[in-house]
Structure formats: structure tokens, C-alpha cells
Amino acid sequence: MSEIKVHSSEYRPPPPDRPPSGTRSPGVWVRQNLFNTWYNSLFTLILVPAIGYVVYRAIRFVLVTARWEIVEVNLTNLMVGTFPRSELWRPWAAVAILALVIGLGLGVTARANVEAARIRGIELTTSWQQNARRAAPALLLVAALVTFVRTATPLILLAATVVLAVAGYLVGRRIPPHRRRWMHLAVITGLLGSYVVVTQFDGVSLDRWGGLMLTVFLAIGGIAMAFPVGVLIALGRRSTLPAIRLVSVVYIELIRGMPLIALLFMGWLILPFMLPVGFPTPGRTWRVVIILLLFTAAYVAEIVRGGLQSIPRGQYEAAQALGLPPWKTMRLIILPQALRNVIPAMVGQFISLFKDTSLVLIVGLTDLLAVARRVTQQPEFLGQGLHAETLLFVSFIYWVGSYWMSRESQRLETRLGLGER
Amino acid sequence: MNTGQRTNGTDTRPPPWRDVRVLRITVQVAFLAGVAALLWLLANNLVQNMQAQGMRTDFGFLGQAAGFPLAGADFSSRDSIWAALVVGLRNTLVVSAWGIVLATVLGVFVGIARLSSNWLVRKCAAAYVEALRNIPLIVFLLFLYLAILQQLPRINDAIDGGGFVFSNRGLYAPWFDVDDDSGLFLGFCAVAIVLSIVVVRWRTRRFNATGQPHHRIVWGAVTFGVVVGVAWLALGQPVSVTLPVLDGRTVSGGYELTVEHGALLLGLVLYMAAFVAEIVRGSILAVPKGQAEAANALGLSGAQRYRHVVLPQALRIAIPPAGNEFINLAKNSALGIAIAFPELLRVTRIAIGQGQPAPQLIGIMMLMYLAISLTLSLIVNVLNRRLGLRGV
Amino acid sequence: MRRRTLLLPVLIPPILMLAACTGGDDGGADDPGLPDDDLVEDIDAGPADDDENATDETPTDGTLAQVRSRGVLNCGINGQVPGFGFVTPEGTYEGFDVEFCQVVAAAVLGDADAVEYIELTAEARLTALQAREIDVLIRNTTWTALRDGAENVSFATTTFYDGQGMMVRTDDGFSSIADMQDTVVCTLSGTTTELNLESAFSAHGVDYEPLTFEDNDTLREAFLTDRCDGWTSDKSQLAAFKAEWPTDEGGPDALVVLDETMSKEPLSPATLDGDVEWFDTVNWAVIATIQAWEFGIDSTNVDEFLAVDPEENPDVARFLGIDDFNPGLGLDADFAVDILQQVGNYQEIYERTVGPDTALGLEPELNNLWTEGGLLYAPPYR
């Protein structure tokens, strides 16, 4: 089985050659790109009306025939599910904290990039078009959400969140390099704070979360907890001790051989029985998180193993020559390089987990998809065939999230110079 | 290091607590013991909890009558629970096998289309891949089932013609009707396949030896046709074709592809084809450019270049990652549970819902999925060893 | 400099992990236990309630003590049946079963709102009970011998007497199951209806194709698009779905529930075997709603009844705890008052959620007092 574990990112092809643009007239371009051979002409002639029809129908559906009231009325449901409405300030506070932290992080990274480039003698300039193109998916999503909002409060809060993010960015850009290590602490505090503000202080238990909020929590919580476990298993798989290697391999193969949905069933129906008699059963959501963690860890382990294998032997030997003990070699020399190499693959795994969280519908959690399914059964919308509207809305959220992340990860890959070594 | 002892030459071994070999064994034994203890603890808890709840801990229930019906299968509620699980497994295997074949075909087409010299084709293929890859499969399946297939013509307005009946209950197609001799006939079919393979190999060898046109496909097809035809006539036409007949609100005869089955298959094929297409595209791009240029220099046409030079090499590169996607497809077939298709996971869940013990049933189900995944990866490994690039 | 730049993205995953792990610990500690505030509240409330020191007990003790120390009742419900349990656009649960969760919460905790609703599918409901994920299951669950026996569940007084029926389209002209040769029948998997369906059709010698669904949402959609000819379920549920049938599809009149009743379906609250104290508590909370109806006490007049003279009307006085009669059920003497003030009696609950004046329009029939020809009969409270 080991031979076939080649991560797809290794197959990402080099960017296709682009002909120099702007030097030819549109007529030449059309002839060269659409009518260069007889069969290409045929394809073009068939495709143009077909695409025209599909695009016309799609636009007509989205703007004219679709009945978006169901999304408008249930927007809060889709965002937070059955979360108590009197406590809605908590998720908003969490979003505000996250916005601040993300802004801060982006600001610091941006400044660091500029400084790093300057040291290498390059003036780093990013045009606003470039930035706009990068942010376009996120802006699109926000715009779509805004069109569904019917009251002023969410708009004001959203605007405040954006202001906070921008403020964080500006502050982040001002932080001098020697203070930068405090940033990590700020990010940890921010993430923790956003969780604490929702659940603690008479907050709302995890089992009452729902909608997009739950989806995002499951994805971030799952990957974040799976990461350390996955690294450990990867190290175990590369261990020189056969027993540890064996156990790691068996674990990875077992998990990867089963559908996530089957594992979720196990967590749902059997996990409670595996705890000592009388031990309180963890809530449903935590059980799902545990399963997502166990599942993702196996995949993370394979990714990290790939990263570890990419480190040349010379690095180990050099560390040994310096007299570093094995665990220090790992911690200081090998892991930092290996983990850097697998960032894009990790983002890929995160995307896949983000999509996979939709499976929790089957085990009765009310995530984004579950809410979308349910709202079509409300008396005022029942039997009107509104699945297209709700499912398209949900798909759009998933799509923007995944597409955006995969774009960013490709950018990161290029910037890290992976695949060029 | 403690070199003092070594100088007198009597004892070169370090004490056990510093001996790497001893330490290694100790650590491994301790680790294995820890893992075993954890597993034992979990299993023991499970058994104890089950006993405390009065649940049975044996597997005797598998022989009991199921009591529940299953859609679209030759399964009655008096059959055993084990038989129900086998029906589920069979459905999973059938949908996965067809899914793999069809997703490969579609994926290869889309992958090639992504590299077309026609800008429009390229962009359409890219849009298809990007649109599907970035949404969850379950969302796509539900969309397909609820928003598209269920909105097809209802049974009262079913489309009936050309031997097909088509409505939102399913697709009914002409199919074979078998009688008692069909087992023997199937045996002859198998013989025919073996024979035609032998013939094809013979033609290939001959071609390699003499360079004469081989026509191996024609030879093989004729061999198969002759053997099957003779057997069919000799056995008194054991297999005939039946057409589906629409009578009011019911359809009889023909092959029934229920809308749930169709939705799962279609969803899996369309979705996984997007992933296969990316692999195909990557693999084609990974074939060194010189190969295509050399083919050009030899005067091969565009299609010939693909058929004889680029694709065979791309195939070898594509086998391992495509194998992963096939395994994913088989695992993803479990999502049939969301659209009422009785595959393995769903049958398991129905049985649990009827009061059968969950731990045993889920254990059996997981072993079955594991067996499917491992078998698939074995096949892929064998293929890779036989066709794949050496030393990759 | 460059190294540090690259380190930031590298460090984000471990940071996330740290954050989440710590978060996880918080949640883990929070889940079985309680936020401190609640604990303090409970200590305060303990002596006042005159209850045996709830805070001293370990969680392995009876469910009643656990519920009291938790301060919240975990109630397993159905979220997909109009009239019985469903989610409103405001994100709250409503319905007949939901109100009985409130009845139990009012009786045990004195607060009808102290309920954590846990939506369960048909397959998961008993497992959730066995795993102690829920304290009580009030989710249109039929009382059967198998569930009572092998599945280790105890059923309290039936809240709703139901029977399995078959719903078809009026246009199709089926008048009984015997007519339904070669039809497709939809039902929910993991239910008793799934089993009864098989016996009902084979009793008539009629061939049919079963199509079982995981949830009512998908089932209803399939029936709506004419994927199946018949839909079999408890008659109350069928009535609920019939009442909400969209006007585009002809409204409720487009459907008809056949007269045949395929089975008896007494829907009852369920608790786990082996905890008699908790079972009694749930049982008597339900009985109290029936008893109150017999007495004619409801949420509007309970305060007047509180002024009743124990000499004149000793039964009512005992029931409302006016004379501190305590039968040792583990409930406060005035638990019935909490139920009535905060929720109401059986009749009120019924009429509010599923009765003739609601969209469901269910006539009480069996779900009437025994004096009115129904089956509701409360054992004496003395």
C-alpha cells in the first residue's frame, strides 16, 4: 500500500506556458485559440451556444426565478443553528476577536515580507489589483451574505468587524521585529478567547452550536488537534524501533481504509460504551471532534512523513556532527524544515476536512448543511422545491472557502519555492 | 562514554541501563504493552458496558430473521441479518465498480480537455473541475437527488419510448431475462472470455514476431461472439431480452435503476471524475516534453501522439494517485446513506435501528470496508508493479 | 529575517492546536461538570429544596440527583415532526413531545425552561439513552416488549395513543392496503412501522416495494414528488404532515389516510432500566398532567385552586401540595403546581400543539379522559 501514497501536490504541474499577450489583435487570438484546427472549430461552435444557454439559465435562476426568501428568513439559523438568540453577542464577540487577530497576523506577515525582500535587495511592491484579486472570493462571500441581511444590526456589526480587522492590520504593520514573538501569544490568546467568550461565563455549551459556526469550529478544531497527534504518528512511523513503526503503520492504514462516515458512526454509537462504567459521556459534538481528530491525524501523519522524507540525509549527518542528540536534531533541524515543506499539503488536508465536516449531518449534528436541509421543511416553505436555493447557498459558502484556501496555498507553495528544490 | 571499564579489556559491554540494544527492546516492549493495555481497556469497557445494559455480546444475532425489508433487492424480511449485510456489501461493490470505470472514462476526457489547444474547451473543463472539487460530495449528492433528479417527470408523466421508461422513480432499461440454464450459459461466457484473451495474446505474439497486421481486437471479438452464440443456441436460448412496460403507475420487466441508485452513481462519477481529471492532467504534463516533440518529429498526428506516446507514459505516472482516488470513491459510496440507497453502511444502520447490537454490526461493517480498501490498493499495487515506472 | 517570516505560517498550526487543546480541556471540564456559578446556585438551592445534598453525590448516583446537580434536563426529542417536535425559524423547539420535556423539567427542577433538547434520529434514540446522553426520551417512541426487555428501556405512562396508518394520494383511488398491489411504500427506517409494514402487506398477500428513509425531511420530499405511492407512519404523524401539505400540491385534501390501523402504537416517555426513582419521577410528572385535567385544574386557574381549603377538597390539596403531602417520589410536594403554572395540564398541551384547533386538527379519540371514552386514567395521588 505504501507505494501509492503519493500526495497529489507532487503532481501539480508547472504553470502552462503563456504566449506573450497584448501583442496580437483579438482576431488573431480567436483564430489561434478557438479555430486553429477543424475539430477545435467544431468544439467552439458547439460550446458557444451551450455555454451561452447555461450561463443565461444560471443568471436567470440566481437573479430572477430563485426564491431567496428562505435564505433571508433563515440566515441566522444557517449561521448559528439553534444557538440561543439571546446569546448572539457571544459569536459576534468571537468573530470580532478573530478579525482582530487575523488582521494583526496579516499585518505582521506583510511587514516581515517587505523587510525580508528588502534585505535581499528587492523592493516588494504589490499592486492593489493583485490584492483585490486575492481577496475577491472573501469579498464575494461577504457581499452575498450582506444581500441576505434584512436588518441593520448585523451590517453595523459586520462593518465594525471589518474596521477591527483593518485596525489589527495597521497595528501589525507597526510592530517592530524584536516584539514579533509576542505575536504568537496574541494569536493564541485570540483563538482561545474566541472560544472562551462563547462557552464560558454562563456561555453556551458546544452541543447547542450549529450552522456555519459549528462547521468552522469542527474544521479548525479538528485540524489543530490532529496536527500534534499526526506529527507524533509520523515520527513513530519513521522510528528506528520496529514495534513503534508497526503500530503507527497499522493505525494509519486502518483509519485510511475506512470511510469517515463509518468512523463517525463509531464515535456516535460505540465510543460512549468504551469509556469506563459510570464515566460521563462526552457531548455529541466532542465525540465528533474526537473522531475528526483521530481521522485527520492519520492523514496528517502521511503528509508529515512526506515532509520528513524530503529532508536530505546530510541534514541529519550535519546535526550529528554538531553533537546534537537525536531529539534535538528532530526538534531544531529536521521538523522545522519538514513542516515548512508540508504547509501546502496541510492546507489541502484542512480544505478536505472543511468539506468533510458536512458529514456530521448524518450523525445528527446541525451543521451548515443540516440547517439548510431542515429549513425547507418549515411550514411556509414546505414542498416548494426550494432545495436548489438552500443547497446552492451552502455550496457557495463551501466553494468560496475551499477555493480561496487552495488558491492561497498554491501561492504559498510558489513563494516557499517548493517543488523547485 | 564510560571508557574506564573498556581499558582492562575484560568487559566491553556497558551496563544494561546504558546498553542501546537492551534499551531499544525495553522501550518497544513497554510501548507494545501500553498499546495492548489501552486496547484491552477499551474492549473490556465495551463488554462491561454492554453487559450492564443487557446487550448481547455474541454474534448469534446474525442468523436471526431481519424483519425489515430492503428496497430493490431480492431480499425478504425473513432472510437473516447476515444476508441483509451481504446485500448491502453487494450494493456497495456494484456502485463502486461502475463508479470507478465511469469516473475513469469521464476523468480522462476532462483531463485531456483541460490541456486542449481550444481556449473554450480548456476553460470549460477547468470550470467543471474547480466547481466540483471545492464543494463537499454530500452537498453535491443531495443537490443532485433533491433538486435535479426528483424534479424529473413524475410517474404519471413518465417518458416511455425506445425500450426505456424514465421518471423520477428511476430509469427502466431493456435487460436480459434468464431461465434455469443461465448458470451453465454464464460458464460458457467465462470460457469465451478466456478463449478470446488467449487469441488476442496469440495475435500479439505473432505481430511481435512477424510484424504483420494483428487485428487482435477483431479476432478476440469474433472468438467471443462465436463461442457465446453457439452456447446460446445450444442451450435453447437461455437468455432473452425483456423490455420495461409502463402500466399506469407501475413498471414491470426490464432493468430497474432506481433514482437513489442512479443519483449515487451519477454523483460519485461526476464528482470523482473531477479529481481523476486533475491527476490525468498532471500526469500528462509530467511526461517529458521531448516525448511529444519526438512524436511530432516522427510525423504522428495529434491524436496518434496522445494514443501512442503521451497517454501510455502518463498512465504509468497516474496509477498511484488514481488508485488513491478509486479507494476514495469506494469509501465515498457510503454516502448513499444520505439518499436512501441501501449500501453497506445504511443496511448496518437499519439493523442497528431495529435493536441489533451496534458494536458487533459496526465492527463487521468496518472490516468489510477495510477489505474493500485493501483489495483495491492491492490491485493498484500489482498494476503499478507491472505497468508503473521502475524506481518511483 | 527571512527565516522568521517563514516561521509565522509554520507556527500557526501549532498555535491553533495549542489554542484548541486548551479550549478542549476547558470544554471537557465544562461538559460533565458545571460552570462555577451553577454550583454555587445549587448549594444555595439545596437546603431550601430540602433535598438530600445533591452536591455531595457523585455523578454515578441516580439520574434524579444528576439532573438536579446539573440543573438541566437532557431530553431526547424528534426535531422533524410538525406538532410533536420541530424547530422554529427563531431556533427554538416546539411541539407535544417538547412540552412533555418541559413538564418533566418543571416537576424535577421547578423550571420548565431548564431543558437541553437533543434531537435524535430513530436509530440513535435508544443508544443515546443507554449511553446516558439523555435523561429521558420523549420522541414518539412506541412501547414494545423488545424495547422494554432486551433493549433495557422502561416506558412511563403513555402520552399519546397512536396507531400506524397509510397515507396515499386521493387521486390514486386506493381505499385499502389490499388495493396497493405493486406500489412503492415509503417509511422511516429503524422504526416499528418498518416492521409492521412488512406484516401488513404480507397478511394481504400484496406485493410492494419498500423505500426506507433516514429522516422525515427526505421522506416527505420523496412522497411530495410522487416517488412513492404510500407513506406509512403513526397516524398522528401522517395527520401532521397532511395538514401541512402545500397548496401547490392540492393542500391537505389531496391526501387521504386509509381507515386501516396496522398496529397499536402507544407512544411513551422512556427512561433507562435500573433507575426506579427516576422512572417514578418521570412517570408521575406525566400522570400529574392527566390528574390535573381530571380535577379541572389548568394553567389559568391553578392559582385559584391553591387557595382551596384542605378540609373541603383534600384530594386537590394533596395534589397541589398544600398540606405538604409527600408520597416520597423524590419530587417536591408542590411539583404539580410548577407543571401547571409553567406548562399546563394534558388537555392544554394537547390542544395547543396537536388538537382540533391546530393545523394538525387531531380529534382526541383515545387521548381523552377515561370518563370521556378515552384511555387517559391517572392512578390516585395519595
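The chains carry the letters A, B and C, assigned in the order they are written, with residues numbered from 1 in each.
In this text, a contact is a pair of C-beta atoms (placed from the backbone, for glycine too) under 8 Å apart; a residue touches a chain by one contact, two chains touch by 3 or more.
All figures in this text were calculated on a predicted structure; none of them were measured in a lab.
> When contacts are scored as defined above, which chain pair ends up with more C-beta pairs, B-C or A-B?
It is A-B, judged by the count of C-beta pairs in contact.
> Among all other chains, pick the one whose mean CA position is farthest from the mean CA position of chain B.
Chain C.
> Hey, how far is the Cα centre of chain A from the one of chain C, in Å?
Each chain reduced to its C-alpha mean, chain A and chain C end up 38 Å apart.
> Provide the C-alpha centroid distance between chain B and chain C, rounded to the nearest whole angstrom.
42
> With chain centres defined as C-alpha means, what is the inter-centre distance between chain A and chain B in Å?
Roughly 28 Å, centre to centre.
> Quick check: what residues of chain A touch more than one other chain, meaning two or more?
Each of 269, 272-273, 362, 373, 387 in chain A touches at least two other chains.
> Which residues belonging to chain C are in contact with no fewer than two other chains?
127, 130, 214, 221
> Give me the residue numbers in chain B that touch at least two other chains, ranges are fine.
Correct list: 53, 146, 151, 337-338, 349, 352, 358.
> Touching chain B in the complex: which residues of chain C?
122-123, 126-127, 130, 146-147, 150-152, 172, 182-184, 189-191, 194-195, 197-198, 209-214, 218, 221-222, 225-227, 229, 273
> Across the complex, what residues on chain A touch chain B?
Chain A residues touching chain B: 1, 3-6, 8, 11-14, 16, 33-34, 36-37, 40, 43-44, 47-48, 51, 240-244, 247, 253-254, 256-262, 265-266, 269-270, 272-277, 351, 355-356, 358-359, 361-362, 369, 373, 385, 387-388, 391-392, 394-395, 398-399, 402-403, 406.
> Tell me, which parts of chain A touch chain C in their complex?
It comes out as residues 73-74, 76-77, 80-85, 105, 108-109, 112-113, 115-116, 119-120, 177, 180, 183-184, 187-188, 191-192, 195-196, 199-203, 205-208, 210, 220-221, 223-225, 227-228, 268-269, 272-273, 278, 280-284, 286, 289, 336, 339-340, 343, 346, 362-364, 366, 373-379, 382-384, 387, 412, 416.
> Chain A touches which residues of chain C in the complex?
Touch list, chain C to chain A: 1-2, 4-24, 26-28, 30-32, 35, 37, 59-60, 79-80, 82, 86-87, 89-93, 116, 118-121, 124, 127, 130-133, 214, 216-217, 220-221, 224, 244-246, 248-249, 359.
> Where on chain B is chain C touching in the complex?
Residues 53-56, 67-72, 77, 146, 150-151, 154-156, 168-169, 249-250, 252, 259-260, 337-340, 342, 346, 349-350, 352-355, 358.
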